[in-house]
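In what follows, chain A forms one complex with chain B and a second complex with chain C.
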Partner chain A sequence: MHDLAPLTALGTTRPRQDTIGPLTISEAPDWALASVAARLEQERACADALAGLLGGPAPGIAQHVQGAELGAFWIGPHIWLIEAPYTPDLAQRVKSACGGSASVTDQTDAWVRFDLTGGGIVAVMERLSNLDIAQMQPAQARRTVIEHLGCYVIRHADSLTIYGPRASAQSLHHALVTAAKSAL
Partner chain B sequence: MIINHPLLGPCDAQEFIYKGDARLIDRPDGMSDGAEAAFYDYAYLRDNPAGEHRELWFHEQGDRSWLVVTRNTLTHEITSVELARDVARSRGRSA
Partner chain C sequence: MRLPSGGQIDRTQKLSFRFDGQYYKGHPGDTLASALMANGVRLMGRSFKYHRPRGVLTAGSAEPNALVALRTGGRQEPNTRATTIELFDGLQAFSQNAWPSLRFDALAINDRLSNFLTAGFYYKTFMWPAAFWEKLYEPLIRRAAGLGAITTKPDPDAYDKGFVHCDILIIGAGPAGLMAALTAGRAGARVILADEDSRMGGQLNSERFAIADMTAPDWAAQILAELSTRPNVRLMSRTTVFGAFDHGIYGAVERVSDHLPRPAQGKPRQILWRIYSRRAILATGALERPIAFANNDRPGILNAGALRSYANRWAAAPADTVAVFTNNDDGHRTAADLMAQGITVAALIDTRADAPTLPGVECLAGAQVIDTTGRLGLNSVTVRLANGRTRKLKVGALGVSGGWNPNLALSCHQRGRPRWDDTIAAFVPTADLPPGMSVAGAAEGQFSTHAALSTGAARATQALADLGRIATPPDLPQTEDTPSRITPFWHVTGDKRAWLDFQNDVTVKDVKLAHQEGFRAVEHLKRYTTLGMATDQGKSSNMGGLAVMAELTGQSIAQTGTTIFRPPYTPVALGALAGRSTGQDFRPRRLTPSHTWATEQGAVFVEVGLWMRAQYFPRAGEKTWRETVDREVLATRASVGVCDVTTLGKIDVQGRDAAEFLNRIYCNGFAKLAVGRVRYGLMLREDGIAFDDGTAARLAEDHVVVTTTTANAVAVYRHMEFARQCLWPDMDVQLISTTEAWAQYAIAGPNSRKLLQKLVDPGFDISNDAFPFMACTEITVCNGCPARLFRISFSGELAYELAVPTRYGDALMRRIMAAGAEFDLTPYGTEALGVMRIEKGHAAGNELNGQTTALNLGMGRMVSTKKDSIGAVLSRREGLNTPDALRLVGFRPKNPKARIPAGAHLLAKGAQMLAANDQGYVTSACYSPCLQTHIAIGFLKDGAARMGESLRAVSPLTGEDIEVEIVSAHFIDPEGERLRA
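Let's look at the complex of A and B:
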């Protein structure tokens, strides 16, 4: 039998949390992700399947929607990422809903998630990315570059979520903390 | 330079990669008569206009869409930005 200790993306047993001034940067390991890419000429069927999963329309361009159980955000034309509190079978569940209308890939282990809460989010993010963070409305989601890493940024009403490449989790975390210390 | 993405609005050109002349959409039919000459032209010969130029840009650090950007090579003024998918479909190049 294997006896493996679960580690977070930053290599510790408990998720890292840093508070710098009014801002708290929290590593959030307990999320599952799956990507959905509609197949050619199946875009309508795929969007309908997602609507069934989410309990409402699939997110439009640069939008994030939160359903009862699952969230989703737009990452490109007819491509979405589905997110949920950690469950090992998210991709299977999405695939069984979409059937042949979409290609679904488990993305859970590909990303590290950081949640920014508190004050100073705009001041920190405008040092990290060329997105117009101050103009981003709640429920908007964009892909951008932070510290040379392609990341997804989701604006919520009172917080901000960043998904970055898990293999570069420490570089991304270092960039976030450095920018926060500089700005706040 | 700012590229006014048709879906996402104004985006910094840093997010994009330049992919060359938009004539690359017009790939010749390899089975047609004169295909060898057509492919020589397609692969090697480019116009180098001082003025308006239609070119492909890839939104690599964004939504990964390919765009056809009409840019003035003298002034860098961008007069039109279209999804390359729509341009290709309008020419019967894509499903």
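Let's look at the complex of A and C:
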């Protein structure tokens, strides 16, 4: 095992957590991501492989599914992001499952993940994104712009996940905290 | 004066405030205007051009006169309407456009010169000498005329932006809006009810009549209480919907903290909302219009409805004895309400010969106000009676009602034109509304309260039906249903000046002058006279101006038409438009994985795109940046240096056709790139001009990692994605950006391999034989950390780029530094990087500047003729391939100490600095510490054939004129021995 110590996207050894009123904003570094893009004319095989990984059909447009171990959300035609509790070999595992039906790329460190839990999610997100968060149902995933940054937003039953570009983690975090202080 | 009873103010609490330094008292619920009025203040400002004394005209956001500077310091805000400022304890306001004081204004001399200062006078008067206009005349005019002055201090407050969605947006919370909201709210629709006032209820808050056995304000409060309990209804008070935009989107400003001395910690002052609606109901009521007559602008002369509002809502009046001048029945309601509030109404002057009577007041039917007196406030009005005699009335205030205009601005924001309605003598909205909008109540020309309630309910029912909801409109309460009776009357004829536009000092005479000089179309009239310009946009004046012009041209008002209504409905602060995007937060930043470490080293950062890159790493004792950069370059070339190059774009290209895809993207060949090898690639635009360069590393048969320049990462990705999806959808290629997934460091210098060997895990051979120049591989470092290693060089030295997952980037940089200590490893920044690439003659952004071709860059032979690629055909255009085409060359100054200015143009000795003599230009320049001379690269006509020639590098900007010798662009190691070592 190598001895390089990881840092979170916010540049610290321990993930940042901010509680503003009823809302908690948590940096969530312990997630791995891999993109899966179906190869040409292998779309069915790719979807089947994903179904095997997820224990059910791959998510449709703007959807998120959570399997027993892995989750996935749709990011484009025949393209998904697979998420799992952090493991360095997620991409390899997914590639093994998909074989030649898909191109798989490790995306773990391309993104920063923030989880919003507690009250006030809608009020805060109103200041950040033009998504109709109040109407988003659990298991919906959308692409949006927050603080000029392209982000993914996933609605869960009692929380919201935001994936944003890792290099801009501080700017995104600043925007989230500022909006929370402003709205709550 | 403050009336002894009534009003929606909290008399149990007192608020202290200052106007022009003088202390006054008011109550919660007051506006600045009502509080000043209650304190006996009628004079609140000076007019724009003539500096005439002015008082309040309206009781709302249409106010043209009572504009003040609010607050002090960075929070000072000019041109704020006293009629909309909610009073708070400690409020400070200042009058504008007056010197030395509001009561005695030296520039009131302009009023005496009014014969010379007519509309458009400055178009004709200041013609000679022409040079005086910009330096003398315009500054003088601007100083003499104008509104408030902006503070030069930074605004300490924050402004938010926000986005809200609804089924039905209801704009205006008067009777129509309230009933619409009730209907839609009870039906379960998502409703937003927005109103610019702090107290919802609209005109109902200013009335004394009953609705369903309640006072009008109480009925409004009851409806609002119900609406506030409904989770599907959002009440947005203090929110002005200022614009109707495409696709049901409305712009609105919520004044979150304007009614407070300062915003609470972390809270915004205002929020700029973008409201997404499926349907919208415009229920913005109507605005009263004045009648023009001689000296109708004195403080104390108000719109009649405003006089009624001050008495009913704020228990304030400008005087204890007033008169009312009207051409419609609403003026009678005002007179009745004033009397009910204990105010003496000296006379009700009605222009209509058949005017109705009103018990308790003398009604002068067929009479007109022909003049007024009072220097700083109204003393008397002179009335011409129906029989031709005149009578002087001693009054301290006059309420004027020329009728009501439906407040239809938002209905016309998408170029809709209103239609004229003779029955109410006003323009009303047509069916040509913004899609999804309907109009209710007075905004539609339905002036009775009953009509407002019924149309509000009806519009909401229809909107709900449009959205597939069946609604049962609430029972309509009993209330007044008085027909609107008016006989149009626009201005009293006479020789003296009669004001139409109070804010811009436009009189009836000015409109006549515009007509006389041919500016008769409404848009010309506006520009020539300034009628309807500035902060109020003619809300009280446009109709009067149109009517006078119609009279002069002999056309109807309908034929005369209106000017275009444009957003914003009322002024929007630039701060609200900027939102949080100010200062350091103007845009997000991208930080490299080594940012924390570089900060600890004292690095100076430079913004590159959004990236913050270490520019150089100064050490103690180094006095200039040059000293630092020279050291970094020399140390790297002597031993080894490290630089964070994470910012270069990285695009993961996979698929069976990955190599062929790149073969078409790059102008040089890629189909045969072997696995484990890297190749430099040049991309052309469709027109044959160089677009971007970088490398492509083939990690597997179906997997290539492409790098781009930092600045072009997004553009290249977009370009490739376009090609993939649209040009060649039959290719099996998948793309995804991995720029931020990998921390990547350039390790350059003769000792770079030795350093790397300390990091690379055993089992990976990186010797020159096993891992030659332009090799790439996936390896592990530091006992198992996955990594990618590329042997590529931008500096011209033996060099590598090592990449690890970004989370390990900080740790890897620290490990590299520790491992490199024995080699005097030196971190270097973008400046040293730039110097080394110029020394090596590598093109970068300055050379790939959107005007240059592969030929210009000295890479003409890279454009393969054995295949097709984007831009290849057009790069062969004759005009791009002339014998004297620009070529990339190097420059050395004759005097090594002479700096060559980047951007300088190249001229022959003795040639004049003319475009015709231009032979090329310098793109990049630096001091080379290795060569101990300034050097530069750039483009020169037929440059490759002109080595050794002397030219001048001339900068017309700096005046520098340097003699340079043309040399090869490869100053260092032209054979490339170092990087292959």
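Methods note: the second predicted complex is superposed on the first by the 180 of 184 C-alpha atoms of A that agree within 3 Å, B and C clash if a C-alpha of one lies under 4 Å from a C-alpha of the other, contacts with A are read in each partner's own complex, and residues count from 1 in each chain.
Quick note on the criterion: contacts are C-beta pairs under 8 Å (C-beta built on N, C-alpha and C of every residue); 3 or more make two chains touch, one makes a residue touch a chain.
Every value quoted in this text rests on a predicted model; they were computed, and no experiment measured them.
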Kindly classify A:L40 by the partners it touches after superposition: chain B alone (first), chain C alone (second), both, or neither? both
When the two structures are overlaid on chain A, which partner does A:R142 contact: first (chain B), second (chain C), both, or neither? first
Which superposed partner A:A110 touches (first chain B, second chain C, both, neither): second
After lining up the shared chain so the two structures overlap, which partner does A:T8 touch, if you call chain B first and chain C second: first, second, both or neither? second
A:G150 in the overlay: touching chain B, chain C, both, or neither? Say first, second, both or neither. first
Is A:L172 in contact with chain B, with chain C, with both, or with neither (first, second, both, neither)? second
With both complexes overlaid on chain A, does A:S159 touch chain B (first), chain C (second), both or neither? neither
Chain A: partner with more touched residues, chain B or chain C: C
Name the contact category of A:P29: first (chain B only), second (chain C only), both, or neither. second
Looking at A:A62 after the superposition, I want to know if it touches chain B, chain C, both of them or none. Which is it: first, second, both, neither? first
Counting contacts the way the document defines them, which residues of chain A are shared by the two interfaces, the one with chain B and the one with chain C? 40-41, 79, 130
In their shared complex, at which residues does chain C touch chain A? 158, 160-165, 266-268, 271, 274, 276, 580-581, 585, 587-593, 595-596, 610-611, 646, 652, 654-656, 702-703, 730-734, 736-742, 780-786, 804-812, 815
Per the touch rule above, chain A residues touching chain C in the complex are 1-9, 11, 29, 35, 37, 39-41, 79, 88, 103, 105-111, 126-127, 129-132, 134-135, 147-149, 165-172, 174-175, 178-179, 181-183
Sort out for me which residues of chain B touch chain A in the complex. 7-8, 12, 14-15, 61-65, 83, 85, 95
Report the residues of chain A in contact with chain B in the complex, numbered from low to high. 40-41, 61-62, 74-77, 79, 130, 142-145, 150
